[in-house]
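Please read the structure below before turning to the comments.
Letters A, B, C and D name the chains as they come in the text, with residue numbers starting at 1 for each one.
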Amino acid sequence: MIEFYHVSKQYVKNQFALNDINLSIEKGEFIFLTGSSGAGKTTLLKLIFKEQHPTKGQILIDSVNINLIPNKKLYKLRRSIGIVFQDFKLLSKRTIHENVAIPLIIRGERKSTLDKQVHSALSLVGLTHRRNYIPEHVSGGEQQRVAIARAIVGNPKIIIADEPTGNLDTELSIEILKIFERINSNGITMIIATHDKNLIKIFPKRVIRLEKGRLISDWSKEELL
Amino acid sequence: MIEFYHVSKQYVKNQFALNDINLSIEKGEFIFLTGSSGAGKTTLLKLIFKEQHPTKGQILIDSVNINLIPNKKLYKLRRSIGIVFQDFKLLSKRTIHENVAIPLIIRGERKSTLDKQVHSALSLVGLTHRRNYIPEHVSGGEQQRVAIARAIVGNPKIIIADEPTGNLDTELSIEILKIFERINSNGITMIIATHDKNLIKIFPKRVIRLEKGRLISDWSKEELL
Amino acid sequence: MNLLKNAIINATKNILRNKLINLLCLGIISFTLLIYGIFTYISTNLNIITKEFSKSIEAIFYFKDNVDIQEIEHLLEKIRQNLLVEHVTFNSKKQAEINFSQQFPELKYILSEFNESPFPSSMEIRFKPEYDLDTKINSILDEIEKMNIIDSKQINLEWAKKIMTIKKFITIVGLFLSSILLFVSIFIIYNVIKLNILYRKDEIHILKLVGATNWYIKFPFIIEGALLGLFGSIMAGIILYGLLKLFPSYANFIFNLIKGVITVEVIPASLFIRLIILGTGIGLFSSLFSTQHFLKN
Amino acid sequence: MNLLKNAIINATKNILRNKLINLLCLGIISFTLLIYGIFTYISTNLNIITKEFSKSIEAIFYFKDNVDIQEIEHLLEKIRQNLLVEHVTFNSKKQAEINFSQQFPELKYILSEFNESPFPSSMEIRFKPEYDLDTKINSILDEIEKMNIIDSKQINLEWAKKIMTIKKFITIVGLFLSSILLFVSIFIIYNVIKLNILYRKDEIHILKLVGATNWYIKFPFIIEGALLGLFGSIMAGIILYGLLKLFPSYANFIFNLIKGVITVEVIPASLFIRLIILGTGIGLFSSLFSTQHFLKN
């Protein structure tokens, strides 16, 4: 369960990237976060895994105020969250396989189980044939899928995906979203920032809309219908 | 006028990123390049501005075989093309203003005209208020618009845009495409790679579709109707 | 244990992955240690040379005419026991007369007119080659003179003093430079590792975002620093060895003189051991320092 | 001209933009030049010291009894004209007799029995302090001896030779180290600029993609190299000056002895000029080289 209480974020004085956000996300929910460019979606997501800190307000995850997590314990929070970054954030000098394996490597996972898990994650996004390439040598969409594979490989409790289909065509996007839906059905919380109205139409989920840093609407498809 | 004659590209032996492409683009045309992830769109675009070289075949721009342009003269070709890269390729240590100004700076443009041109390019994409930020400090969609502004600022003869709206919502995407249409109406050739079926539907232009490195269809909306 | 093993593997991978910067780092460490080694070598050699040269320091004391033989014998015994003294010889009045007549045979017949030799007896002291020799000698000389049996003395301390001074100068400069070098090399390695961290800032940031612990990130850098120090010192050792093997023929080529006059000393094995300890130490120390500073959270 | 101005502005911006790596580069250049400076300083000082010391080289020649005065005068004149000779004094037989009677007053009355002094006449040559003195002196000595009027000689060349040897050793080591240092510093700066280029690979790639000419990209790097060399050498000069101002009191503190014995020489201005020329030259040269290699197309 993720709770936002009066959360504001200012990168620069008097410019609100987020403005007084109140929000509650239940465990196992599937959420679309939408809003136009610069609305604050990425900022909101960054607050959840503490890449950024709120200027004001409190964020609670499973009733723990994450503001109070010391730097030394931060890795525990991060290991429980799988993240697809808007700019992918792949390690440029490592192969696709190594990139996807990273969350397991840092936990000291055994090589055999690691290889198996990486293989299954890569095959989910259809990239096993690229496993020995470095990120520079694959296409934009393929990089994005590597980022998705890395996010799901470590069995996280929450998956955060920032514009995960921006470089994918409709068919692939739907396929990826179906994967997310399947993962979600195991009780994993999914938070997906996207501009793609099509996807939101196809998948009837709760949609949170931001505009200029304010939460302007929060409803589920079912409600609307 | 851009012509492809039996162009193939293999990054790795026996894997065709492009396979025997024949193509002719008239001066002043507006073209969508589409195809699923890994189809070869970016590769095709890279061949035009010689970031990559064809393994086989010839590419002619205005009847000049670009294979034969020596490295020393390459800058002339590049200055005549404005490019929006799929991964933006902004200079991370320079401000948005400086980033957009680069194509003018390298030509030794005078500061006053430069400032004016940069300002008008930035206001076209709605980013004048971010001109003193560095790329890291603006959102993904804003970065993409910076890349677009840089591509159009130098009055190029050809504009190549690789997935220029992947991080933008539908309204902004349409707005950007309208700007491209306006620029195109001045006789500038536009080649836009995109996954967005919506945009292709809204703007009735010639569409080239790639699949697994092959050109599988090439038609204009009008023909289809 | 597993963490250490992992870290060493990671560090080695990182060194190979960032070849240039690490090559440069290696080069700088080697260079610093090389300079240190060369300096140590020079001062060792100068020590040997000056030691060799200072062997010939000797003093001659002429005794007063009326001195008791017993008193002289006593003094001779005392001096013989002094640790600074190589050996002492006593020249009786008779011996002096013989010496004189050997030097000026024309005057020999005059001497036969004396029933006792007109020349004073004397003693000749040859000192051991020692570091701070001149001050130490002076104290002996003072003591001897206090006995009030000495008529006059003759000593070639002037030259020895000059050589000592040069030796001292070099030693001080060497010490001075070594301490500067130590700081400079720590500063440089510290900054190279800082640069390395900065260079891999994005990578580190990503690793943290996906949940790597601080130690997982820090450890390879520290190991890397130590490894770089180790390799750098080994390289410095090899180069130093090569250079010093080469040096005599170079010196010979330029001046064709040194040979024979200076026997260039074999490089002491302890120097290599010192280099390796120093290199690894500096590497470890500066990387610890650097990670402490730049990988705080 | 505009290109140059632009390039200088760009280079300065780049230096400021990549502070750390350039600071490091600056540090390394300064360090290298500093070592060079210190070495030059040491050898200058040693030269002065040894020159000072070698002043006392003198030789005494005893003439045969039957030598014609004219012949001696002729020889004296010839020696006086030799450039190596500081001055020559002639000791007549008479003078020798006086000297003898002063040394051994007890024997004075014996001498009165001779109508002519029984001592040989002699000449004393004092040599100028000169570099390769001992070999040069030896040739003079040979020449004098060939005249066959010399009975015996006495010369304190041994000690002088030792100091000369040390001086030579230091000079050779200095030369040797300087040439190593030159190569090492070029290697290091070359690689730092290569690293700088690699570090800004993406930036360079982007600039090329938007149509920058090769020269537009290359020029700032070259200027940057030269500027770094210039700044580095200025820094080295300042540090050197500081160190050498500090050195005497340090030396004094450690040994409280040097003072007075060695008058530490003022640092020659030419050394600073040499440092700056060398630094800028190395910077320019290695950046030219580096850009040539790594910015080919």
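One rule holds for everything that comes next: contacts are C-beta pairs under 8 Å (C-beta built on N, C-alpha and C of every residue); 3 or more make two chains touch, one makes a residue touch a chain.
It should be emphasised that the depicted structure is a prediction, and the values quoted were computed from it without experimental measurement.
Trainee: Which chains are in contact with both subunit A and subunit D?
Mentor: B, C
Trainee: Farthest from subunit D in C-alpha centre terms, which chain would that be?
Mentor: Between subunit D and every other chain, the largest centroid distance is to A.
Trainee: Between subunit B and subunit D, what's the gap in Å when you average each chain's C-alpha atoms?
Mentor: So the centre of subunit B lies 64 Å away from the centre of subunit D.
Trainee: Centre to centre, by mean C-alpha position, how many angstrom separate subunit B and subunit C?
Mentor: About 68 Å, centre to centre.
Trainee: Just give me the whole-number Å value for how far the CA centre of subunit A lies from that of subunit B.
Mentor: Centre separation, subunit A to subunit B: 29 Å.
Trainee: Could you list which residues of subunit B touch at least two other chains?
Mentor: Correct list: empty.
Trainee: Give the residues of subunit D touching no fewer than two other chains, as numbers and ranges.
Mentor: Answer for subunit D, listing residues that touch two or more other chains: there are none.
Trainee: How is the touch graph of the chains shaped: line, ring, star, complete or other?
Mentor: Ring.
Trainee: By the touch definition up top, name every chain pair that qualifies.
Mentor: In this structure, the chains touch in these pairs: A-B, A-C, B-D, C-D.
Trainee: Residue numbers of subunit A touching subunit B in their complex, please.
Mentor: Subunit A reaches subunit B through residues 11, 34-38, 41-42, 86-87, 137-142, 144-145, 162-163, 166-172, 195, 197-198.
Trainee: Which bits of subunit D are touching subunit C when the two form their complex?
Mentor: Residue list for subunit D touching subunit C: 20-21, 23-24, 27-28, 31, 35, 38, 42, 45-46, 49-50, 53, 56, 104, 106-107, 110, 113, 118-119, 156, 158-159, 162-163, 165-166, 168-170, 172-173, 175-177, 180, 184, 187-188, 191-192, 194-195, 198-199, 243, 247, 250-251, 254-255, 257-258, 261-262.
Trainee: Using the touch definition up top, name the residues of subunit A that touch subunit C in the complex.
Mentor: 49, 51, 71-72, 74-76, 78-79, 83, 85, 89-93, 102-103, 106-108, 150, 154
Trainee: Applying the document's contact rule, which stretches of subunit C touch subunit A when the two form their complex?
Mentor: 2-3, 6, 17, 202-203, 205-214, 216, 296-297
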